[in-house]
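Paired with subunit B in one complex and with subunit C in the other, subunit A is shared by the two complexes that follow.
Let's turn to the complex of A and B:
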């Protein structure tokens, strides 16, 4: 059991300062680029050296860790870390034929740079880790945080997921068929029956511990699966709900990772049927990226805290008057799947 | 909490393709650091590397891994993982059980294909067969699919301490009831990307590295992979057990992105917290497999941290002058070496050492010897201040 006490989110939408999930920023050229807030906590000279993933991660983190009691761990999930810096350095290698290169991009590109920069800025010498397992990078960070809380129930931890769209991973994933070739908008992403989604990026951070008192939300359980057969996903989901829901307990909301890729509809359809409740979708707000599930957890916390769900996110069913229990399902490219059960 | 036993090991480095081959080479004080033969770079012949002299295509055929898109990093992993699984006699049913987890570590992933990545990411050619092989997760995803591993699968990248953290995460999965057995370790291959990265930081030595020597002048990069099978006490009652994982800790130096603080808080706390987890007093440590990269910064700071923690610093040595720094694989490779120390009750020499660092005066182990070993502490420190230590104990 993991209790969430404070959250922050940087995304393509108004999720950071004045949260507004009704007025949407549009998809542009099949990308949903995150809107970066200004920060007065980090000197500009330092910010300039950082790539977007690091900037998003550290801004989202610092907005919730300041004035808190000491963090006993910084646990970050990111599939790629600073991909833009990585390829900038790679291009230097090729262009200068391995000549004298500046190390800035190399140092910034290491995947653990987000967690370590947060550690540096908060002078935190405790547990510090970076999970990079593609579409389950954030989920493994969650499992790590759950174990830490079981081991040390009174301690506070920072848990987060971050990834950026770089020109380069966009190109690679586009070639790999992850994004649509035809241009889409927020309101027709799910209607166009073609392969691929739209690219996204963002950062979501959570201050978590084992104390129920004053918490915003509870992450009750998580499961990760590597499989491509939707029947395996279905049977695992049934077992997951059977073992974690109390007798007679019903789901109030199902937050689906549907992303407009027609090849993946079989997974969202079958999980939707099993969840058997109001279905919400969020990837027309965030776009698709390996740690988008971190943002889905932020949405769940937001709905529970504000007792409101924007109409543009409802796929089927009606918005319940009380939001107690939510199921989140995500899959990345049909091979990595996760369930999270969230409570008020 | 469950005790964690090591029931299988697998390894490939420039010293050899199995635990036995590695052990023989370590005993004989062999060095696997040579001129590059297999990586196309202008530094071939100018800077030495711990290169495994088996071509990628040969590895593919040996391992029957001829699917498209499999990278050298994945092949090295496959070689070592298969050994570890066979050594622990894990059946296909056990491997596909939801109670078997697989935790990998890598810092290079598919970026060993530097030139292909350059072309694909800049859209300079028709798409290659490696589009889904560049990222860190690609290695574990390939191995999961190949072995149908049924439990939690993860990839960790905390730079040079990655696979120590993979071992720690796996052990905690068992302790917290998320798994009964875990396959843990790491892999990295030599990449034009990383060698230019380290070179731009001016920490690559033009000769074989000299860990803990006063005139050390940088590290050598290496490649390799190692995996260990960890099992909860109750699941391996009738099995051979090599050693017990009794302590682990992860800390951060929180000082600088690419160097350690002079006080070495991160390394000190990693070692201290590891002993605290094991409830072992420092004087009980018989041997330290040091991180000892051969850089000016690391060896001095690590020495200081050892002097801070131990009234009398135990025998210690670095194997970086045998195989180079294998980055994401090094924590797991050195875990296997620590297990060899315990299995055979012996310690191996630290190559390349002549004179102690002036400020710390510490002298590593200089020759092979038999030694009673109950507890081995293994250190892995990385960029981003990520420091981890592991404690292996004789049972």
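Let's turn to the complex of A and C:
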């Protein structure tokens, strides 16, 4: 059990300062690029070296860790870290024949740079770790936080998920079929029956501990699965709900990781059927990326806290007047699946 | 290329390689101290400048003492390039 006390989110939509999930920023060239907020907390001398993933991670983190009691740990999930800097560095190796290589791109490219920079900015020398399990990077960060909180329920932890779009990686993933070849808009992503989705990026951060008092939401349970057979996903989901829902307890909302890729519809269809409640979708707002599930948890917290769900996210059913229990399902590339059960 | 052109080129290269946000070549005077309060460069930047000299002008700085004398301002860098350059700039 993990209690969420504060959240922040940087995405392609208005999720940071004045949250507005009704007026959407459009998909452009099949990408949903994150809108970075201005920040006067990061000196220009430091900011100029940072890649987008690092900037997003730090800005999202600083907005919730300031004025908080000391963090006992910074736990970040990122599949790719500073991918753009990584590619620049690799290109330098080729162009300069392994000769004159500059340190900045290399330093910025390492996945653990996001968590370590947050540690530097907050002068925090406690537990600092980065989980990089591709499409389950954020989920593994959650599991880590849950285990720590089970042992130290009074301690505060910063938990987050961050990933950026890099041009090179986008092109590789496009060739791999992860993104659609035809132009897509926010409102027709799920209607085009082709392979692939749209690319996305973003950062979501959560201040968590084991104290229920004054919490925004509760993450009751999480499960990760590596599988391609939808029957395995279905049986795991049934077991997950049977284990964690009380007798007679129903789900108020199901937040699906459906991303418009027709090859993955078998997973979302079967999970939707088992959830048997109002289904929401979010990837037309965020795009697809390995840690998009971090943003799905932010959406769940936002709905529970504000008791409002934008109509553009509703796939089937009606929005309940009370939102107490939500199930989040995500899958990345049809291989890495996760369930999260979130409560008021 | 005359000395003034070299200095302007050097300023443009420094701004680009160090990603100096919001700074234009005309903001850097020939005698602006590179490291410290004026331009605010740090030790990582010194490595970037050493690489810049090697990549763009074919000059290697192997002795840290030499680096301290060269990377003072645009004047000292331009003088050093003129004295040691092996590439057409």
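Throughout what follows, the second predicted complex is superposed on the first by the 344 of 344 C-alpha atoms of A that agree within 3 Å, B and C clash if a C-alpha of one lies under 4 Å from a C-alpha of the other, contacts with A are read in each partner's own complex, and residues count from 1 in each chain.
Rule of thumb we're sticking to: a contact is a pair of C-beta atoms (placed from the backbone, for glycine too) under 8 Å apart; a residue touches a chain by one contact, two chains touch by 3 or more.
Note that the structure is predicted; figures quoted are calculated from it, not measured.
When both complexes are overlaid on chain A, the residue A:39 reaches neither subunit B nor subunit C.
In the superposition on chain A, A:324 makes contact with neither subunit B nor subunit C. Of the two partner chains placed by superposition, only subunit B is touched by A:128; subunit C is not.
Legend: residue contacts after superposition of the two complexes on their common chain; A:172 is shown touching subunit B, with no touch to subunit C.
Applying the stated contact rule after C-alpha superposition, one finds that A:312 touches neither subunit B nor subunit C. Once the two complexes are laid over each other on the shared chain, residue contacts for A:265 go to neither subunit B nor subunit C. Subunit A is touched at more residues by one of its partners, and among subunit B and subunit C that partner is B. Once chain A of one complex is fitted onto chain A of the other, the partner contacts of A:47 are limited to subunit C, with no touch recorded for subunit B.
By the document's definition of touching, both partners, subunit B and subunit C, reach A:103.
Residues common to the contacts of subunit A with subunit B and with subunit C across the two structures: 100-103, 107. Of all residues in subunit C, only 17-22, 40, 42, 44, 47-48, 51, 54-55 touch subunit A in the complex they form.
Those residues of subunit A whose C-beta lies close enough to touch subunit C in the complex are 44-45, 47-49, 96, 99-104, 107. Residues 41-43, 107, 111, 114-115, 117-118, 120-123, 127, 131-132, 134-138, 140-141, 144-145, 149, 152-159, 165, 169, 172-173, 175-176, 178, 192-193, 196-197, 199-201, 250-258, 265-266, 269, 382-386 of subunit B touch subunit A in their complex.
Subunit A contributes residues 74, 79-81, 86-87, 89-94, 97-98, 100-103, 106-107, 109-113, 115-117, 119-120, 122-137, 140, 143-144, 146-147, 150-151, 167-169, 171-173, 175-176, 224, 226, 290, 333, 335-336 to its touches with subunit B in the complex.
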